[in-house]
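Think of it as A, B, C, D, E and F in the order they're written, each chain with its own count starting at 1.
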Amino acid sequence: LTDSSPEAFRAFREQMNQRILSTDNLVLKRFYNLDSRAYEAGALSEKTKELLGLMGSLVLRCDDCISYHVEQCSKLGTTEAEFFELLSLAHVVGGSIVIPHARRAVAFWDAIHQENITRNDR
Amino acid sequence: LTDSSPEAFRAFREQMNQRILSTDNLVLKRFYNLDSRAYEAGALSEKTKELLGLMGSLVLRCDDCISYHVEQCSKLGTTEAEFFELLSLAHVVGGSIVIPHARRAVAFWDAIHQENITRNDR
Amino acid sequence: LTDSSPEAFRAFREQMNQRILSTDNLVLKRFYNLDSRAYEAGALSEKTKELLGLMGSLVLRCDDCISYHVEQCSKLGTTEAEFFELLSLAHVVGGSIVIPHARRAVAFWDAIHQENITRNDR
Amino acid sequence: LTDSSPEAFRAFREQMNQRILSTDNLVLKRFYNLDSRAYEAGALSEKTKELLGLMGSLVLRCDDCISYHVEQCSKLGTTEAEFFELLSLAHVVGGSIVIPHARRAVAFWDAIHQENITRNDR
Amino acid sequence: LTDSSPEAFRAFREQMNQRILSTDNLVLKRFYNLDSRAYEAGALSEKTKELLGLMGSLVLRCDDCISYHVEQCSKLGTTEAEFFELLSLAHVVGGSIVIPHARRAVAFWDAIHQENITRNDR
Amino acid sequence: LTDSSPEAFRAFREQMNQRILSTDNLVLKRFYNLDSRAYEAGALSEKTKELLGLMGSLVLRCDDCISYHVEQCSKLGTTEAEFFELLSLAHVVGGSIVIPHARRAVAFWDAIHQENITRNDR
């Protein structure tokens, strides 16, 4: 459960989400649904919302939430300069306790960009 | 230290509790003692107290505390429907940052129920 | 906004909830709706769910959430012994930083019971 | 210290910042300086950074930080629809414990817009 | 309940502690007792322990805990330079969300020193 | 990334710090710099500051921060009795959710002392 590669992260996430949504708990189903809808484009763009999601996850220090939003931000065209500026803001707001999570966030950012390079090389 | 199976969790917990209580720090000893007494049946039943302990652990996002209370709740007869209702409440109170901890909580719940099946099959 | 009497708390809460729900933000409306449904009786009773809501609010140290759940718990028949047992558990789980919130929780509990006495005296 | 009007908030903030920066503590001076620089336009716009600052403040439930960023967001042209979308995202990420802070955030948003109307009416 | 002067803080604290300890909840009584014993001189001096208590309270952003430990630190001879160094460390560890609490901590520090001056002038 | 031995911790920390500081983000560079300066001896000694850093890390439950400060405290001559007294204070302030982090803190403390014994035995 603790392997931190992108593949392991996605596989465990997918497996447990299915397990949780296979129960008939209506509040959980609706919460998951709301969690998706909240990031859809509206007055704020999808990219801005993912940046906000990443900011919230960083200052609350939730590694899996950070990994998820790092990948979404990257898919929506966030540049490395934008990513590191957001990280710097999270350090100022949340303090040095954000540092270990930022280390893992950067490692995850690098891992998914390495995946893309490997994929394009094929 | 990071193996998340129930056996590994219990073994490390037991080993370190013994190490900590082997020192002669009176405040730590009393804190551990109080941590046990607080869950004894009183005006509230033992089961209600374990549900409260699980709720507190989920919204504070403490994985090891969650694992411990998941096992206690299960031993005291908490049904899967009750467990998922408590989880749903923790999501509403604590937000989507609870989700990764809920995934691990459900994986732990499933692991200890699998242990029981394996045990009964013998 | 900071007057902590039950009347002032309820009035500001009611006024701002109406203001927030008067906007056409669908995610907010659904979140508020989910926040109500999550506490409805199911596998767990309404009272157990309010106790869980109070526990979550205490360890997360959210005074207004505490006040709300203190009132709900009281309405659903929570005794003073049960209330103080839940408080004691919140201290053990969340530590001495819970104490100032517990002081205000007890003051609020006493204030709503005083309201009931005054009402019955008329 | 607890009067929550925009004027009282700004006055106490200004007075105490001066008091704190009047000491010769270099780390504090640099931290305050960094806290200003982090919000300057770079790869991300000033407005996006203030939205991120507001998101961080909401999920960490820091009322004074929220008030500050609400005012900055408003000054930088954030619309009410954008503001409420950000609020809705903060509820989903941070849970119902964000609600009381959102109530005060909306009251502060309304108060500074009322100030602007009053000012323009003169 | 929200008046933030040292007198009001001490009076409410005293009144509610008596109310809470007047119940016969043994876990609460023992928790309060442990909370006193933990700060007694041992391998670490009383002053170091109060500095640690203030640090914990600042990064956990508990205003009443901060006020209490500010007064204890002051009584045990903490100088203004030491106090501001501890504050600066709390900003670095806990981030800019500590700032509003630091403002109130400094206001409280100044208020109790003003009390001492007034007392000595009599 | 999750191997919790002192060597693995130091290697990943060093590698990612270099990666982060290799970008030209000025705010991050200054934050890291401030994070070092804050712990330099001043009105408070270096050792007292590391104890404060460990206290902040424990109550905020940041395992990597805890490991770092445990090692610094040990290097600066913190005795086992002082270490356990600080741990006991962190339990009282932060509650039982500190326990799992304290277990890992003690395991790390023991691991670095074992390293020293092994080194001296050569």
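Observations
The rule is simple: a contact is a pair of C-beta atoms (placed from the backbone, for glycine too) under 8 Å apart; a residue touches a chain by one contact, two chains touch by 3 or more.
If you're wondering where the values come from, they're calculated on a predicted model, not measured in any experiment.
Between the contact lists of subunit A and subunit D, the overlap consists of B, C, E, F. Under half of the residue numbers at the subunit D-subunit E interface are used by both copies of the sequence. The mean-CA centres of subunit B and subunit D are about 38 angstrom from one another, to the nearest whole unit. Measuring from the averaged C-alpha position of subunit B to that of subunit E gives a distance of 32 Å.
Annotation: 27 Å between the Cα-based centres of subunit A and subunit F.
Counting partner chains per residue, subunit F shows two or more touched chains at residues 2, 27, 31, 34-35, 38, 56-57, 59-60, 65, 81, 84-85, 88-89, 91-94, 96-97. Those residues of subunit C that touch subunit F in the complex are listed here as 59, 91-98. Interface residues of subunit B facing subunit C in the complex, by the touch rule stated above, are 34-35, 38-39, 42-44, 48-49, 51-53, 55-60, 65, 79, 81-82, 84-86, 88-90, 92-94. Taken together, the subunit B residues at the contact with subunit F in this complex read 1-2, 12-13, 16-17, 19-20, 23, 25, 27-28, 31, 35, 56-57, 60, 62-65.
On subunit A, the positions that touch subunit F within their shared complex are 2-4, 61, 80-81, 84-85, 87-89, 91-92, 96-97, 99-100, 102-104, 106-107, 110. On the subunit E side of its complex with subunit B, the touching residues are 26-27, 30-31, 34, 37-38.
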